[in-house]
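Per-chain numbering from 1; labels A, B, C and D assigned in written order.
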């Protein structure tokens, strides 16, 4: 098995979940997505993240996504599993399933729906780690959970070995820089991964250990190349690749009349369908698949990028 | 069986979930809480709501709470079941379990964690109703789900028979009054229940069909008496009872160093333990039970109210 | 002079500011609005509040609104003056102008634009009172200033004689009830006025000492009648008048394509123009006057209410 | 006069406003701050910005700050003036004063206190520009005004010559990158300045034309050096200087018991006092000056940075 400790670095895309038109997991399309990412040289894969529509999927579907994913990946790269649920006991239940299926690391958010302040958040991560013995990443995503994870808490948990890293989707690059500085001063107990595909270059300057870019589903190679350039200190390449990727990310912005996951993950799925990687751009209820003018607008961006 | 249509009115407390010190369901204490509420003359019971710590409980625990509750209640009053989960497919799964266990009505929030705008919210309720044939209440609780349910949508869903009522915990009494006026003008397709135990009197003036007061766990009789006074137009009694209940609600405010469910539901449990109704004030992870000075402060309020 | 101490009760409308088509103060229309309110029996007038577009008006215009208002009112009822500005020194400057013009009381919000926590808010009110010797109301309007005034602070300031009352536009009726209960227990150091014209009845049940209803610009008599009914304990009349007023408040909701002050104060001005009380419905930059379908929709509501 | 068009680039610090212990403008200290910044080679100066405590200052004080600043700077670098006020007419009044005093460019936020949607925001900037003929920067600072300026609007206003640039303090680096890409595609009608001193390096990678770093009050030279390195494509220097500056920025984070401007600008003033540049760290009401342990903590950070 790949050692997770060496592998919490680099490009680790959050994998989308292709569906058939009647909403079942499209295993063949899923395999195509995964093979394409592995072929591009990614350093790991993140299943059941936000891009994977974990929040929309039943427990049975989550298990299926993870089980099929583990089978297809077959230990070629480490697999991170999102264990997205409201509170500790429910997250532990998700984590035990993931552990049983052999994943390499868990990714858990702060508690949500019911909020209770920072002590409760810290206890949440401690209890998860105590009950499930797997590397654990804290997923900082206030837009979904309405709590920002504090740097001091993250470092304390890292130093004590409760968490192994942070997946930062906070949109707060100032806080990320300060976390990176404090982590460096503390001897780097945490692997710091950015989830913001449009400013990965800035995150690498800030000291990020890798990226979890949803857009890599559509175009993985530039992210892999960018990571290697960052490792080599070739910042002009890092920056120019980022500009290209930012332009490609307009597939999300050119849609109209939709918001949230319908626009975001919906655009990734639509692009992959247009590119022939997956068969449908079906989303999980209650989100509708993109159609008509929105599909045409995405196709135009892909053409400009040379992907169609 | 009690006919739900006649019964979506009056006082319908959201029942707390007593636990043993090691976190298991304390069935004897649970029965004591339920019997006390039924004896007080409540018009229905709401299991697996926010006060019931549904968000903190695993699916197995949720099923246990519902199954034991149905057994104990034994059709003496109608039972509403919360089906709290992130998105449609997961809510449908919760709803099927509740239906199987024989509940009289479902209570579902807007989607949360991932937000997608009003069309997505409306579709969410439509799909739930289509897949599970039970009376359905929309639970308007933006503090948890970060979406306010719009009056126009609620009325449209009510008029089409998709939803049967609204449990309003929005804290927006202006919107509630306007919803009540529009509902009256439309022939009252919706039963409107307020979740704000401190201003139930104002909600009754506004035209509410009942209340879902968490504080009724501690002191149910005044809420029952208040509802009867409101039905009789005896507003001075309604108001004076409300003042007493507002004073009792200080059990939540006198705690310090805790927030959210630890303060709210934690105070209800602590009061019930002090009053000898339940055995422990244990909360579900990651929330700690109240102790020390906080318990003494709650005891003082209960004494002032003549409940100790 | 009217004694402010006796007069911080009852119906105290926040007066709109009529403008000519080229944006100057329309003194004749302003006098018509003020005379109509005084004739209806209001207990006071609030100039330079939110409905008065204080936030949109230059200091010179604010002075003109206040000076003309004082001249027209001529001590027949007490005048409250809003002193809306970002921080303490600027509010003090506004307050000195108001004092010079002879107003009876000041109304100040928490600091805004730059926030600094509760100690800073408390110091703000203390410094204002120290520098300008006039009765002072705290204006609780988090939707504008993004700070909620805490009950404990308000009571402390009231007990020490720093503030004389609260104008509550917080939309948090639970907090208002608890403030009213605590104020009663402390011997009523604060006059509590509600700014929510749609649920004044609930606020009166909660113990409010009066109301500051923007809608009274359009229809003052029912608010005056409602206050008298509340004083007499005739709650059915209070409630039925409130239902009528809630229906009339739909003039704000029937507009489309506008939000904020354009819809709110814009509707009040449009209604008054339609009713022949003022000459134009011009708003202060950057807000456009309502026109076309929006005006027709407001006219329809006024007709239903028998006001056209 | 310096041509503003050539000069909207580079390092343009938002200058703090030194006060005497009794709260008057300390002109000698102010001159020391300004001379130190000009000596360090900054490309412009921003007076009456957030760091300048404009929001806290009366109109008379604002005029004094600007007049003294213009006299001291004496056309050696271009001066930007903040015209921070609630709504259009008030901003225009501020802008006319600034124009009269000879500033080179204006910086205006979206309307605040009363919000009205995107059309109203756009009209706001159009009216300001129409009434005051000076280069105009849009100041994107949602934490203060609770509106995010949309990229499409900014580009439209830029292309039409209504605004000349954007000062971005939005904290949204994803939006900033996309704005920079769209601005490049449109022929760079806008000068884009970042206000986030902790991640200026990422902003330069994104294509920023300069920075407005409050921390430059304390340590200007590294920002000047960093800008020159960025112009030369020496990204490793850019990054390493940023790491140092991020560490220095801990002067804000090491304080406790204060928040907002008390911590932010308060730390800058305290550092400058400790370094002997200004005489007091007095803040404008209602913000208290830092003292005791907070001062010692700031001193420790300055010592680590070699600034004491």
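Keep this in mind: contacts are C-beta pairs under 8 Å (C-beta built on N, C-alpha and C of every residue); 3 or more make two chains touch, one makes a residue touch a chain.
All of these numbers come straight from a predicted model, not from anything done at the bench.
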Inset, instruction - Give me the fewest steps it takes to get from subunit B to subunit C if each step has to go to a chain it touches. - result: 1
Inset, instruction - Enumerate, in label order, the chains that touch subunit A and subunit D alike. - result: none
Legend entry - Fitting subunit C to subunit D on CA atoms, where both chains share a sequence, rotation angle to nearest 5 degrees: 180
Inset, instruction - Would you mind checking which chain's C-alpha centre is most distant from the centre of subunit C? - result: A
Inset, instruction - Since subunit A and subunit B are copies that touch, just let me know if over half of their interface numbering is common to both, same, or not, different. - result: same
Inset, instruction - Express in whole angstrom the distance between the two chain centres, defined as the mean CA positions of subunit A and subunit B. - result: 36
Inset, instruction - Indicate the whole-number Å distance between the mean C-alpha point of subunit A and the mean C-alpha point of subunit C. - result: 49
Inset, instruction - Would you mind listing the residues of subunit A that make contact with two or more other chains? - result: none
Inset, instruction - Sort out which chains touch which and give me every pair. - result: A-B, A-D, B-C, C-D
Legend entry - Touch list for subunit C against partner subunit D, complex: 50, 55-59, 61, 84, 86-90, 93, 111-117, 119-121, 123-124, 127, 144-146, 258-262, 284-288
Legend entry - In the complex, subunit B residues that touch subunit C: 171-174, 177-178, 181, 196, 198-199, 201-203, 205-206, 233, 235-236, 238-239, 242-243, 246-247, 249-250, 253
